[in-house]
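Accompanying notes for the structure given below.
Order of writing sets the labels: A, B, C and D. Residues in every chain begin at 1.
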Amino acid sequence: MHALKEYPLAQLSPDTLRVWGRTNGSLSPLTLFWTGSALELNVKGSELWLEVESDFSTFEQWAAVVVNGDVIARMPLPVGRHWLCIFRGMAPDKVKNIRFVKEIQPMGGDGKSLFQLHGLRTDGELLPVPALPRKIEFVGDSITSGEGLVGAKAEQDWRPMFFSAVCGYPCLTAALCNAEYRQVSQCGWGVLSGWDNTPDCTIPRIYGQICGPLEGPGQRELGAQEAYGFAAWQPDAVVINLGTNDAGARRQPPWQDAAGQSFQQTGDMAGQALFRGAVVEFLKDVRQKNPGAWLVWAYGMLGREMVRELREAIHEYKKETGDRNVEFLLLPATTDETMGSRGHSGKKAHAQAAEVLADFLKTMWGE
Amino acid sequence: MHALKEYPLAQLSPDTLRVWGRTNGSLSPLTLFWTGSALELNVKGSELWLEVESDFSTFEQWAAVVVNGDVIARMPLPVGRHWLCIFRGMAPDKVKNIRFVKEIQPMGGDGKSLFQLHGLRTDGELLPVPALPRKIEFVGDSITSGEGLVGAKAEQDWRPMFFSAVCGYPCLTAALCNAEYRQVSQCGWGVLSGWDNTPDCTIPRIYGQICGPLEGPGQRELGAQEAYGFAAWQPDAVVINLGTNDAGARRQPPWQDAAGQSFQQTGDMAGQALFRGAVVEFLKDVRQKNPGAWLVWAYGMLGREMVRELREAIHEYKKETGDRNVEFLLLPATTDETMGSRGHSGKKAHAQAAEVLADFLKTMWGE
Amino acid sequence: MHALKEYPLAQLSPDTLRVWGRTNGSLSPLTLFWTGSALELNVKGSELWLEVESDFSTFEQWAAVVVNGDVIARMPLPVGRHWLCIFRGMAPDKVKNIRFVKEIQPMGGDGKSLFQLHGLRTDGELLPVPALPRKIEFVGDSITSGEGLVGAKAEQDWRPMFFSAVCGYPCLTAALCNAEYRQVSQCGWGVLSGWDNTPDCTIPRIYGQICGPLEGPGQRELGAQEAYGFAAWQPDAVVINLGTNDAGARRQPPWQDAAGQSFQQTGDMAGQALFRGAVVEFLKDVRQKNPGAWLVWAYGMLGREMVRELREAIHEYKKETGDRNVEFLLLPATTDETMGSRGHSGKKAHAQAAEVLADFLKTMWGE
Amino acid sequence: MHALKEYPLAQLSPDTLRVWGRTNGSLSPLTLFWTGSALELNVKGSELWLEVESDFSTFEQWAAVVVNGDVIARMPLPVGRHWLCIFRGMAPDKVKNIRFVKEIQPMGGDGKSLFQLHGLRTDGELLPVPALPRKIEFVGDSITSGEGLVGAKAEQDWRPMFFSAVCGYPCLTAALCNAEYRQVSQCGWGVLSGWDNTPDCTIPRIYGQICGPLEGPGQRELGAQEAYGFAAWQPDAVVINLGTNDAGARRQPPWQDAAGQSFQQTGDMAGQALFRGAVVEFLKDVRQKNPGAWLVWAYGMLGREMVRELREAIHEYKKETGDRNVEFLLLPATTDETMGSRGHSGKKAHAQAAEVLADFLKTMWGE
């Protein structure tokens, strides 16, 4: 058995690691911003450690360890910089495919939120991680962030431990499509406003940034607010699962700021027009940034109020732009039986959505 | 116990029977033309007989008996005019909901094909059959005709006994939607040609007739070739499941008639344009005849080759007409596990399609 | 195509037909007494007709047609002697395996009850029906008779149309075990008394007869009351599913006859001892008649009250006789989701029971 | 919010904690020996930490965190004594039910193997943990130890990360029965010998000890080799799932020790008699230690070779002792679809076994 050797990530051959999720480009260290962001390795050796750094003020970080495609561990990370053993005592000559995954979304309100990887130790060698044939970007809200995928049905606390990436429909869809994926999602956010009518809480506002919801000083320094480089990673499909919070906002009181400004989404003609306009503008922006992708607005796991308006908006967008590669897709509704915790879609609901979505995407791609 | 009394159908109060499927309007006798066509009754009595008449030269008639929503019997009909006992010895004071269903499609090549109901006998009384809240029309090919829903996987003979209406996705979808349905479907037929490139074997050619595929002299006398009265039964949705045979035709040799004329569908630009054109023209015709319906082109149970072209054609149609109430819907692909006999979708595949379709329709209707 | 030729069953080569179920040995005609009794053929030809005779006073006869293992038709039989077409127009060179199955139990109260087969017509030839590697006998009550396997949950009428053999656990278990089966079952009957404490309504009383419940003069003439020849068909297992009605009888008022005699099953020590004694005696009788079979008392689909007493009785029997090849097997309980009509186990419940039972039998046989 | 207060386990009111699994009786600290051993608490507070100590030489410790019945985390433990945060930031007034579970079996070959709990910190209070109505003890081999419940099918390394207690049939059965459970299980061990014929590797040898497989000096000091106090925790059922390795041993070469002694299980008459004798002796021992329990030999998830011999042995035991509360139960065989990693039963197989076993136990108990 060889001794463990330590490798800073930045010194590894670039083809021996795959970074999942939007990043700032740095490997010293590698910052994982989004749910499902991950480091993937192919390790031929008996032992592997990762040096992980984590911080938070309110919401602790959670990670999952995937070995050869199966989830082996899921745990909160200790604060600070630590070496975590990923595996040990394994047959040294076999290659293990490893994914170390961020299980929670960027926590917008937590300015200290941090999840980084510095280096690794192994007694073996790293083999190349070959590119996957497809790329998908997922854009969404709490459903896409995997809220409620873990925990008893009756749970009501909004805590990191009830979130998961590895059980979520984005991760499952990507696996079914043999695709790499990235995602941009925030609980409670919408197209035109957040669930409580806050006008800032919209995914379109931050879609162009590396990780817009993170606004703490350290997070800014890491580039969270910088423009994301779309060109370097062009997806074959962008799946947008938004509208659920816009529907909810119509049942909430208006948002008001200190200066007396207020906003409220409504279901009347004017409110519908505003919503449709926001959808059309967002589609234009997404198309401009992803010229070769199928755009799929996939909606319906938790509520169906916006189906007609989303279809109308897509129709308007297509008519106006001539873009034909945009589709609306109805996802299976979450039922009592498929419900997770906190009134959100559970594991079965995500698995069903992934089936429908993967079938649809593969068909769109002519596979 | 009262004695049995005989009632010709034409003498019954019209609100005490529901005729499912396109008919010629006559009740003396009632002719059932299509798969899934049926007579429905609510009988308060202990016994019920139906006087059924059937004929054929090649393909015998099959019927199913549905009692209170469950299929009780499925059988071939004897040739000639016979009284069939539907139930006997039941509690006289309970109301039984009865549907007597034609299990097979109109057999185009069989000029003697005939399925009629003359009258009934009961010791009880008929109660009203209240209208259902929704109406759906299904338009399709062998999948919609329920080919392969019955029989061992290895069956290869094209026989009536391997067809079913009551297990088919149209019947199941309608039940999930609380809807009455009618259907127009022929095995091997397409939008632009039949599976073997025969230009006549297209559903658009006969969509306007009561039952176009039936061309025998007796069938003509019964009105099969007459114009169907769309106005009297306006559906909330028309579901079109066509394209599978058009895709197949591209892999077949050209059709040729005695006069030397030939035709072949092709996958090149010209062939695609022809197919799209046929789809657009058919959508215009369906829309003209069903002004208030959602039009849903539901495709993909057996092959996906036409998805892009169907979507393109729908796009062209919408652009040209401004019609917004048209949708493409991808149905779940039939797998080894859900396959029926004769290489066609089996019971599970139809049940899956019905789930997806009913969910979609109810959402379109805002339910 | 050859012309149809007519063959009386008695003139066929014995290896070209298999009779399922206890019979009187005659083929001119063949009388089918029990649920699941059937005639099986391998026909190489394009067309097959069967000459069927049926009669009844109260409960009409029902039959199912199984083609190559799949149920094609299920229907009531017309009274009298008729030729029924089983298939036509099939590829003449392929062999079709056909089973024509009696779908209902012998109706004890109906002295005219009759189900017979006289002959067949075909344009082809009959091939041998090879023996199956296993034989099973099922002994039971309404569950084994398939009551409630068909029909809406709310049905309450006790009618033949709500019974089925081909969906029942005996038929399914036999298929999973690659076994031929016979069965003896009567609704409402028990080990010690019927559901209403009638002392005559016990399976042990009639187990030794060809078809004891049929007592009409014509039925007697056909041998229903005669001793059944066990030696000629020795099963590898006898599955006894009894006890449900004995449990029910304890909640019913006593039975009383005109002479003032009465009987009631009870749950007290004396009642339990009586029940156990009846079980032990029945096991002895079954063993004596089936020396090489595994005896499996399979119970629990509808109620579990008798589990302890059955186990105790089996223990007593084993201790007393030294017989080791007797087992108690708990079958899966019927749930709301697996319930059929009339408060009886439905299709899913029977399928579950068959899975458990077949697994158990194959394990007992060392397969 | 209150400040965190620290409580050594030994200072807590005994009714506010439940220790799952055999222990040495000490709470300062609490040593968890077996798979599924756990500490359970009801915490009314916003935050909870546990002080955990862990050690190993070869096989790291793994733990699962169960919150309100759902598995939230699963992770390896760091070596040494550490405070682990179980939850934080929760609604302070709600009671959380917490189980901190040992996920792996005692690793016999690892003399340093250690899993302990010292104390807890919370800002809230501990509420009583009421007794559960039933108690079950499980006795088994690798299946019962949950080997292969986690990991890709192709995994071959024998490592702790591929084991799980919380997905295993003992944990699931107990939950379905509303029971507390304890278990004694070692991979590769049997009734008469281990999988490789080692005569020492038998569960009967160590059944009477607290945790016999642990033989390191520190482990001895903790009482692993001491007699377990059966009287204090009398189960309602003992489920024995053994025999799989005895069957395997017959296909292995003989065991030989340095002194030239050898042993091999065989399938001949003598070998069968030896095996049966070991089963009978073990049953006597289990009965003597658990006078009021149902004894259920539940077997068949991975192989069926021993079914007849186990049944015979149980028969012999019953005959010899007059004990009637012993049963053999066939568990569903693991199939390709339900297989886990390392050729062992996977999650679905364990869930199926739990269903059958719970149904059986509840029936035996008359529930």
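In this section, a residue touches a chain if its C-beta (ideal position, glycine included) is under 8 Å from a C-beta of that chain, and two chains touch if they have at least 3 such contacts.
As the structure is a prediction and not an experimental result, all values here were calculated from the model.
Asker: Which neighbours do subunit B and subunit C have in common?
Answerer: none
Asker: Hey, what chains does subunit C share as contacts with subunit D?
Answerer: Where subunit C and subunit D might share a partner, there is none at all.
Asker: Taking the mean of the CA coordinates per chain, how far is subunit A from subunit D in Å?
Answerer: 38
Asker: Approximately how many whole Å separate the CA-defined centres of subunit A and subunit B?
Answerer: That gives a centre separation of 44 Å.
Asker: What's the distance between the Cα centroids of subunit B and subunit D, rounded to whole Å?
Answerer: Here the centre of subunit D sits 58 Å away from the centre of subunit B.
Asker: Would you give the residues of subunit D that are in contact with at least 2 other chains, written as numbers and ranges?
Answerer: Correct list: empty.
Asker: According to the definition of touch, which chains form touching pairs?
Answerer: All chain pairs meeting the touch criterion are A-B, A-D, B-C, C-D.
Asker: Would you pull the subunit A residues touching subunit B in the complex into a rising list?
Answerer: 300, 304, 307-308, 311-312, 315, 318-319, 324, 327, 330, 332-333, 356, 359-360, 363-364, 366
Asker: In the complex of these two chains, what residues of subunit D are touching subunit A?
Answerer: 58-60, 62, 67-76, 85, 87-91, 94, 150-152, 154-157, 159, 161-162, 341
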